[in-house]
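Two complexes follow with chain A in common, the first pairing it with chain B and the second with chain C.
Entry: the complex of A and B
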């Protein structure tokens, strides 16, 4: 499933510079080193962290997209960095667990 | 590519938000060189953890990346306080970072373990009050 396919399924676009990227699984975490150690390339990464380091971690760990759960907002300057670094960021109004369950229903 | 390609970066110790600049730049350069994506991923994560450590603990430092046909080396050098107990520092979950660092999502005690996880060879030279040099090698195949 492509990142852009999530948009009509309860996920809202914050940045989508590379919407054709395929999602191969899901990782959840807020401790950034933990994410870098455990998340797989092309995972959708669910978090409630929204600082600038999230964009760097998404770039380096090569995740398909960041999903901010619980309606967490991304500050404008960080949104601009995500666009520059080609990082897809989506938003979900659901809590983390329900966000993950929704992804589980959608992923093949 | 008979001579190694060398990339040199200064890691700014004063600004937490700019940590990762060198790793992201290296990633971009190595992509342009056409290196295997798994090598690039391992290298850039290992290097980012090193950068973060230098910002948290050592007020910055330098990062050098050498690319040869067979491997990539990362050499991270700082003039920080040194690591009192390397064995302890290598344990997952052990951290001396402050609450402020934790609020940014770091300080999980995974930095050095991740550097080991993502490199094929790693060595740490450290001296209290003098600084720390970490060398990591990632093989191409």
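Entry: the complex of A and C
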């Protein structure tokens, strides 16, 4: 399933510079150094953190996208960095667990 | 990082990589405030590079585009309501007196505060990995119940050892015990007997 397929399925675009990326799993976490070593390539990463380091960790772990749960907003300057670094960012109005359940229903 | 001691390890490795012959790690805990200072006499940074060090997309590493050491320490400090600053004098600008100083302040009673973790093991890991560079370590804990000062200087230990490498197993073991004893404080039970 592509990152862009999440739109209209309860997920909203913040920025999608590389929307054609395939998602092959999900990782959840807010402690960035922990996520850095554990999120797998092509995972959708669900978090409530929204600072610039999130974009850096997404680059390092090469995740398919970042999903900000609970309608967490991404500041404009960080959104601009995400675009430059080709990091897809979406948001969900649901809490983390429900966001993960929704992804589970959608992923093949 | 789950523990600040891992941040300390990460930042100090940068000092060693910058060619520091001496790196000081100073932790000052007074009531709910923890101040961490890591100061080295390494090659330092130019003003331009210094501006970018807390940006995770800046790094001196060539193997990857992202450097997370200082950005994560800054985040850890700011999450508690504290702050982090970095000062540096480049060897190019001052060949005699150069180096970098990282200072971070944490409010330990913040719900998002990271525990300090195992500093003794961090210090031992540093000495083991870099037996030819010197480390000065000082940790003061001052609050209602405690007044502890832990201190160690590899320059002094080196003098006593007279040529024995600092990364010998027995030396590292001794340093570990030496630090742990200082944390434990004076032995009260022995005083009761006399």
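Keep in mind that, in the parts below, the second predicted complex is superposed on the first by the 108 of 108 C-alpha atoms of A that agree within 3 Å, B and C clash if a C-alpha of one lies under 4 Å from a C-alpha of the other, contacts with A are read in each partner's own complex, and residues count from 1 in each chain.
Here is the rule we use: a residue touches a chain if its C-beta (ideal position, glycine included) is under 8 Å from a C-beta of that chain, and two chains touch if they have at least 3 such contacts.
All values reported here derive from a predicted model rather than from experimental measurement.
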(request) Specify the outcome, clash or fit, for chain B and chain C once both structures are aligned onto chain A. (result) clash
(request) Determine, under the contact definition given at the top, whether A:56 touches first (chain B), second (chain C), both, or neither. (result) both
(message) Once chain A of both complexes is superposed, is A:30 in touch with chain B (first), chain C (second), both, or neither?
(response) first
(request) Kindly classify A:71 by the partners it touches after superposition: chain B alone (first), chain C alone (second), both, or neither? (result) neither
(request) Please work out whether A:85 is in contact with chain B alone, chain C alone, both, or neither, and reply first, second, both or neither. (result) both
(message) After superposing on the shared chain, does chain C or chain B touch more chain A residues?
(response) B
(message) Going by the contact rule set out at the top, does A:9 touch chain B (first), chain C (second), both, or neither?
(response) neither
(request) Once the structures are superposed on A, label A:93 by its partner contacts, choosing first (chain B), second (chain C), both or neither. (result) neither
(request) For chain A, give the residues common to its interface with chain B and its interface with chain C. (result) 31-34, 36, 51-53, 56-57, 59-60, 85
(message) Residue numbers of chain C touching chain A in their complex, please.
(response) 1-2, 6, 55-57, 64-66, 68, 71-72, 75
(request) Report the residues of chain A in contact with chain B in the complex, numbered from low to high. (result) 30-34, 36-37, 41, 49, 51-54, 56-57, 59-62, 85
(message) Looking at the complex, which residues from chain A come into contact with chain C?
(response) 31-34, 36, 51-53, 55-57, 59-60, 81, 85
(request) Within their complex, state which residues of chain B touch chain A. (result) 16-17, 19-20, 23-24, 27, 37-38, 41, 44-45, 48-49, 52, 104-106, 108-111, 113-114, 117
